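Letters A, B and C mark the chains in the order given here, with residues in each chain numbered from 1 onward.
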Amino acid sequence: MRETYPGTKTNPGNYFEDFHLGQEIRHATPRTVTEADAILYLGLTGGRFALASASTFAARMGYDEAPIDDFLTFHIVFGKTVPDVSLNAVANLGYAEGRFGVPVFPGDTLSATSRVIGLKENSNRQTGVVYVRSTGVNQRGETVVDYVRWVMVRKRDADAPAGGTQVPDTAPSVGVADLHLPPPLPAGAYDWDLAGSPFAWEDYQPGEKIDHVDGITIEESDHMTATRLYQNTARVHFNQHSEGQGRFGRRLIYGGHIISLARALSFNGLANAQRVVAINGGRHVAPCFGGDTIYAWTRVEESLALPGRTDYGALRLRTFGIKNHPATGFPERAENGKDYDPAVVLDLDYTVLVPRRK
Amino acid sequence: MRETYPGTKTNPGNYFEDFHLGQEIRHATPRTVTEADAILYLGLTGGRFALASASTFAARMGYDEAPIDDFLTFHIVFGKTVPDVSLNAVANLGYAEGRFGVPVFPGDTLSATSRVIGLKENSNRQTGVVYVRSTGVNQRGETVVDYVRWVMVRKRDADAPAGGTQVPDTAPSVGVADLHLPPPLPAGAYDWDLAGSPFAWEDYQPGEKIDHVDGITIEESDHMTATRLYQNTARVHFNQHSEGQGRFGRRLIYGGHIISLARALSFNGLANAQRVVAINGGRHVAPCFGGDTIYAWTRVEESLALPGRTDYGALRLRTFGIKNHPATGFPERAENGKDYDPAVVLDLDYTVLVPRRK
Amino acid sequence: MRETYPGTKTNPGNYFEDFHLGQEIRHATPRTVTEADAILYLGLTGGRFALASASTFAARMGYDEAPIDDFLTFHIVFGKTVPDVSLNAVANLGYAEGRFGVPVFPGDTLSATSRVIGLKENSNRQTGVVYVRSTGVNQRGETVVDYVRWVMVRKRDADAPAGGTQVPDTAPSVGVADLHLPPPLPAGAYDWDLAGSPFAWEDYQPGEKIDHVDGITIEESDHMTATRLYQNTARVHFNQHSEGQGRFGRRLIYGGHIISLARALSFNGLANAQRVVAINGGRHVAPCFGGDTIYAWTRVEESLALPGRTDYGALRLRTFGIKNHPATGFPERAENGKDYDPAVVLDLDYTVLVPRRK
């Protein structure tokens, strides 16, 4: 049971000194994910991957019905963690070891827990970094996604002692052996025409760069509706009255919405990357605001055969979200070769499955 | 059968002199409410109450599945009455004796009727007040909500006689004996962690004030989509071309959307108020427009034990919607102690059920 | 199988010289249409036709459940054709011979093919007109809609030879014998009150004009969400960054969204026109942009008895979408009597079914 909050019935969120190593948090508001979530997500992002779009296509791939988009699952699980983990966050610093588990189908109910696996107070004692491993499960307790996230969180009281000091080691990427793999793809079942691209796993080479061409402008209503759909309550996304007086003078767009748009745009070039199986790492490099236009490009980092499987191969991708600038020139680094190009807003390292041609 | 409209096939709405005491109106467009309504409503308002969010949570509370949010039911029923009752309204004056009946589940089809229970012409003879009792029923004819509403309606012809004069008495609040109660809550079934708050019915005291902390900015697209979802056709909400030349120069936000936002915000402090069972009264104190930010606070008016029930108690609440101003200071009255504080936009008196700790 | 694109994995769309007479194109991304599509469409357009709104009303009309709105079906099928047919289009010139087939129900999966039935290079050799017959089918291969569309498409290379020259003949309207008719309407089953209008097929006369009265303002978020829902990828609708530098300086609204709004507005005057059975022709006369307010009016072109049916009659309608101007004066032609009135944005010739009074 959560502790009561002295003097108030509202949730002030946790401050840095409220966390301690090994702490387990059960997050509120379980959520039944429905066909309607899939459709509203499609309406807000413009996704076209055939597996998530058509139950007939899913059936030919061996699924009982179309699974919920992997990033939609991620956002819903992530949203649950916000009131306990990042309500007092200054910055969302990174992700690692994100692994998608059993697929989510309409009607499944997701809930989430987090364990504090690292803490590091900053030298100014005003803030500290909290590392959590968050796990989303379905109504049968099966893991649907788990990931490590670290955020910089304010202290309530600079003099308060930290609940420990430890920086966890995280793997640079999720190993092939740890990926949750889909049902076998029956020979000849995959319809490349309907999928929208003839390019199979074998066609993608490490180092290859793909400009996803299109751009999409974000309206305030779109990102707020998406973020509400995830029951993500971070205040910076919703309140122009307070944010107008804040750091940016604007509502900040939930970084996960940028991930979703980049993934949707990546259809043009990666249409057969039907499943996302891992989030190896990710950074929201720069903030996005209503009116910004998002473009994206991807570099293939690794091409990975899957042990014992000849139906699918994995690609480790790095997709860059680019703001108010076409992705034509593959913007990545600034002229100093070290900082990000000022147009980059997202640097996402993730792993997808693509059918093999056979 | 509705009368035909001389010279036109379009519905001009009823004017004050078209109503008569005892008149019964069957409203058009029955509506099957679906899981998708629940999800889109969630996406537009940001609700987090666990009962409406998760079928597993609902099952533990004794429901077959997650019921439709009570205010969503209210808005859909209300929307049906607009073309017949308030198309020519000048102002929506108030609500009373609102009572939620059997819960609505996805797949139920709602329709509505209204009976004219009061009429009072204004002294200028340009307008009059129409009092209706509107009733929403499901496909089995069971009442899902009924309420009294009064609106000021234009006359077509100032010289036309009124269809009667009578001002109905309405009760100041719905009595405990008249509330439709939920299924029994099995002992130990309620998960306070997942619900998001440890506070039970016993923890709330009359006079207690709760600042719901967060604010949410309303985009034109959000309130129009919500209001279209309810098939509410009041013109002031949708047409900037005509409203730009009107009283406010802006589209007016449907007052019910403010109710929904205030209810969603109230999760922070009232997370266990899973069901709304009565609307005792309500006033839309001031208009809201696209770009406004809504905050909310609540005063507990009464704590009511439910005869024969030890699982739930009722709270009569008064929730104030506040515009472009935090609710921190609990704004209610202006300095003269009589008028509303200029930041108040909604004053809603309603009754919720909260599990008892036992 | 689609050809691979030399040097890139992204789809550049087809240019005029890529089309040849008789070419068959299987379009990508099959789409399972759900209850959620119906609800989101309702939320974006404000539709009130009872058949699409209530399963109980549909059951009384002889349907197993509420069918998907006909224009929603059209938009989803149309959306699939865009990446192959009109990604490089300069203008969407017209529609003909559009015929709705078997109704679509939630759970059906739609896919689409197109056949090139005409080609005509323009004299400047920069562009040419492509005529396609596009067909949408459900998971059983039954046609749900098919139509002829012609678009002006850019050439990649002005010197490239055209794939043929032929301008197909299209019928001025779909004949009564070719209409797909609904199940028999049981005697006395139709509830005119719930439908929202007492006017039966017999009440509409050729030449009659109906002003649909209301106007609706379009937000950027609304039209983009609708267009994403249809998985329509035409770039002009989504990218303010590029369109801001383009012809209009604005994102262009998908013409189909204007059709949907005009249809929804037409409820007020045509509430019993429950099914659209044919699109005889249509022109998007002028572009629409975010912030525009759409009004509509309709002229009854023909009243058509249906052979062997006394339950329904057909009306051939011409509905005009009007921008930023009430439809009161039935704007159609400019003063020269030839061009369109500058307020007209849509001229749609279509056929609906209306119950007969009997």
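Basically, a residue touches a chain if its C-beta (ideal position, glycine included) is under 8 Å from a C-beta of that chain, and two chains touch if they have at least 3 such contacts.
Given the structure is predicted, the values throughout are model-derived calculations rather than measurements.
Mostly differing positions are employed by chain A and chain B in their mutual contact, as under half of the interface residue numbers are shared between these two copies. Think of chain B turning onto chain C: fitted on CA atoms, that turn is 120 degrees, to the nearest 5. Averaging C-alpha coordinates per chain places the centre of chain A 36 Å away from that of chain B.
Residue positions of chain C touching 2 or more other chains: 34-36, 39-40, 219-221. Within the complex formed with chain C, the chain B residues making contact are 1-4, 8-11, 26, 28-32, 34-37, 39-40, 83, 107, 109, 111, 139, 219-221, 224-226, 228-229, 231, 233, 235, 238-242, 251. Of all residues in chain B, those touching chain A in their complex are 34-36, 38-40, 42-50, 53-57, 66, 192-199, 203-204, 210-217, 219-222, 268-271, 291, 293, 324-326.
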